[in-house]
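Shared between the two complexes below is chain A, which has chain B as its partner in the first and chain C in the second.
Up next, the complex of A and B:
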């Protein structure tokens, strides 16, 4: 512990004196201020519904009483499944509803959703149907008729339009980029500096092992990342989902740092490795596109570790009955770290020991 | 018993290429200063790196204090050694004192007081200055100071006086002698024959990875030098020189010459280690 404390003290002092740790904190503050004050807090996504109403109940009512329903309600009535599918294929913010009668007092709704349609929207449509059907043609409903004598179903949500906290939705990519990917660069930088200055060579001739050397750097990077994460997260999100998001972030940083160790094994300094760092940063930033624009979501994206970081963070920040997604992301990243940390450690140690 | 026993040591950086160290054998006694002399690229640093545990043994054996090394050396070995590098490798953003404090805490044995060590190498006044602001010579001294912070039993020194002014070089040499007197075994890598001649009990000449000679400087001079005395004398107002062999008839001839001429100076022309090195290898040390 004494040796680890000694290494930590040195790495913290060097990190501060080499400016990059301070720089990372400054960047976090800047990003936080930009997200808080420059990025709009909310943006509205206009949603639409394509409806094939085979009962005619809803269609008759809406077309009679709301003639401009396409503009005001975003509801489009179609007369077959093909048109409905064509509608929601062209309009990525739309869902489709097929309303069928099931006997005199029952109806059934088939919903055709987008892959990213939120469960809350589906629930709203379900409740809204119940509300309308029961008003327009009582006791038409999905439940036994006597239920409606004592229960009134009412949908309170404003509609299918979605109000998104835009600055908050940008937070996950910012965290992954500023903390996870910088963690990778920081590791390359910290080790690279020691290799270039040959201080690592002097260290190797001491009885303190290379494992301790790497552990100290990992702890410093993780500690600084927790600080940066808190600077970014707390002012924007408060304590909502803080611990869950922190768990995702910590395993991300550990995985990214171990990739940094691998790079530092093959390159003497951060400048030599800059090409790889740049390529990896671009690759790891790619899942951010999918998060912000769900239309882009090829399966192979899941092979990129930051995919799990981003969606895990997003799930922690915007709870939507998706707690399993958070812990699945933490699990995948922890597993990845459990493989990468010893693997890159052994790679680093064996390769460095071949250098005079 | 020898402190370091090296037998048939060979090392190649890449398979199929020339051996950087080729079948090298030598012994170093406890408390001895062993000089490893050779031109750049001769295999000095590679041999030292293998001995210090930076490089693994490819072929041959190394025994330290009677224990044959197998695989990487353990913590016990690293606790007992110190190494001063030719190029100063210190943390430039840390002060001289913090550099030594950091290094001292890496060891499991009692270490020297960092401030005391800085005083020994003449850096006490600059103890709190960042090492990056030190001159090259100061960094060199700081690296030297770091190498002895753990009171090493075996001390590897690579060109310890290179780039230092004569006064500082002398104080470094006196520290080396003092540590030797305290029982430290010192492996000195250099291409400075004067330093080797002055400090070493034994020297080894290495060229192209192979040892050419291992002996004490005195024995090497006796073995390979030609004892000659050079006489300067006045002859008709003009200063002239004449050389006499110190073997056989030469001594009598010299005595006769002194009686017959106005002799001004007599110098013994003892060969330097470099002369012997050139004689043995056909090339210089630089």
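Up next, the complex of A and C:
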């Protein structure tokens, strides 16, 4: 215990002296301030539709029943073609719709698309417009009553506000990449530096084991992560989901630190390992796409550890009936850590023992 | 110039003697291969349907074929399996036939309190039912889709691919900056920087000479990346007009990391937070609406990303490429001047 205490003291002093700890804290404060005061809450990242409804049927329905339609549906009603073109020119993901009456119970819908708009989207909008007009055709719609009975809509949850503040929705990726990956960078640099300074070689001659050496670094990195996490999380989210999110973050940091130990085992210093750190960073960033665009969720993404970190954090931050998701993420990452920590520890120890 | 050339050749020789040369060539290719296999998958995602295709709850084949035209359909045997899939991560709609009620059940994860009508699948089901049972009722909507003349000069390349190209180039710049910074710290550790002081080689010759190889790698990979990411057809010269001055940003970042870091731990720490800041700016540039982009104007990497985006969507003119590249260059120069004293002092310092 005393040995661990001494090692901890050394790692904390080194961390402060090498400004690593201070830098992490300062940047967590900066990211927190940016998310809190600079990034707006009310941004939609999905595509918009600019609609010039010359019949008024769709516009009346939407504005009556969905008061926040611009925010929740991404639908903007315009009163002429010029405004419609301006909208889809500015917004590269948007499409435009011009709706005209074309006689008794007949309508013409012209979709103005981008050159890269997918055919499947046009097909969907066509079906959507046909369905809407059959429902909304004045005065009572055109569908016979039994058409409505052909399908029943059921939901796991009803009345859930699906729009999350944009700045809060960015918090999970920021936490994972700024804090979750601390271990990856820190282990590579801390061990690399100790190797270069030959303190690692000297340590081999001391009565302490290399396991204790790694444990001390893990404790310091986890401690810094908890501090940084609290700096980022509490001002933005308050105590809502704090402990659950913290659990996800801690197991993420431990898993990433193990990967950092693996890199530090095989590479002499940060310069040698940094390329692979970047490759890993890119791989670990891929699940972020699924978080921001949930339609993209192939099964193979789950093989990337940060997938569980991101979705676990998201579930903790925006609770609905997804508590199992938090604990499943914690479980998967804890299991991964339980495998990686001893494995990389053994690899590291045997490799260091062999080093001249 | 002769000194510069000799340092460049020496740097290449040394790079290939140790692992760094091969490393600098291999890593961007690995990153490119990851992006190349990942981006088409993102691009093709539209809607996901989980349907039951066997037993009493099976969905009609014609309906499945229709849904398959607008999204990805996955099949399940029982309602429990389907619900398990829906409880997992990702946006997906479930669909099965309820033989007791004689109707389809369209299942979503979340919806509004009073929504009894609208899901993706429900629209198709109602229309199929109407067509089957009321053939005398004609379609109400005559639909047409076209690109308006005002947008006809836009590229057909998807935004995912164009953004992937810009991200790749900026990512490579950050990586080379990181490597240059760490190499400087190593040079300081090994006394190379001190040795330089008593040699005829000037510090600027040395740093420029040592940056030439990463610079050429960045240029080469920018061109390779364009072809591998399906962006061929863009104006390569315009892209190079952005990429070449953008290397100044990488150099300033590299010098900053190398100058400020007294050892590799510090350099890694400074590099990590700088890289995170750069990545944050890129993500913000990609997600924020245009009227919020002013919050990012202070970062040279924003202008590089913005100019590259214009080039990749083939909307760039030489004036806009020119001023954005110059602005990125000027900002990088400004930051260098601002930090010059500290960088120069740091470059001479060792532990």
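Here is the rule we go by: the second predicted complex is superposed on the first by the 236 of 356 C-alpha atoms of A that agree within 3 Å, B and C clash if a C-alpha of one lies under 4 Å from a C-alpha of the other, contacts with A are read in each partner's own complex, and residues count from 1 in each chain.
Everything below uses one rule, namely that contacts are C-beta pairs under 8 Å (C-beta built on N, C-alpha and C of every residue); 3 or more make two chains touch, one makes a residue touch a chain.
These numbers were taken from a predicted model, which means no experiment stands behind them.
Of the two partner chains placed by the overlay, chain B and chain C both lie in contact with A:14.
Within the superposed three-chain model, A:183 lies out of touch with both chain B and chain C [touch as defined at top].
Look at A:345: by the touch rule set out above, it reaches neither chain B nor chain C. Look at A:39: by the touch rule set out above, it reaches chain C but stays clear of chain B. Using the contact criterion defined above for the overlaid structures, shared-chain residue A:2 touches chain B, although it does not reach chain C. Note on chain A: of its two partners chain C and chain B, the one contacting more of its residues is C.
Look at A:241: by the touch rule set out above, it reaches neither chain B nor chain C. After overlaying the two complexes on the shared chain, residue contacts for A:289 are found with chain C alone; chain B is out of touch. When both complexes are overlaid on chain A, the residue A:353 reaches chain B alone and has no touch with chain C. When both complexes are overlaid on chain A, the residue A:198 reaches chain B alone and has no touch with chain C. Overlap of the chain B and chain C interfaces on chain A comprises residues 14, 18. Across the interface of their complex, chain B is touched by residues 2-3, 6, 9-10, 13-14, 17-18, 197-199, 201-208, 353-356 of chain A. Residues of chain B that touch chain A in their complex: 45-46, 49, 52-56, 72, 75-76, 78-79, 81-83, 85, 87, 89-94, 98, 102-103, 105-108, 143, 146. Within the complex formed with chain C, the residues of chain A that make contact are 14, 18-20, 23-24, 27, 31, 34, 38-40, 43, 45, 85, 88-93, 96, 102, 105-118, 120-131, 133-135, 137, 142-144, 146-160, 162, 166, 170, 173-174, 177-178, 181-182, 185-186, 188-190, 192-193, 196, 269-272, 274-276, 278-279, 281-283, 285-286, 289-290, 292-298, 302, 307, 311, 320, 324-325.
Taken together, the chain C residues at the contact with chain A in this complex read 19-20, 23-24, 26-27, 30-31, 34-35, 38, 41-42, 45-48, 69-71, 86-87, 89-92, 98, 101, 103-113, 115-127, 129-130, 133-134, 137, 139-148, 150-152, 154-159, 171, 174-175, 178-179, 182-183, 186, 189, 262-273, 275-277, 279-280, 283-284, 287-290, 292, 295, 313.
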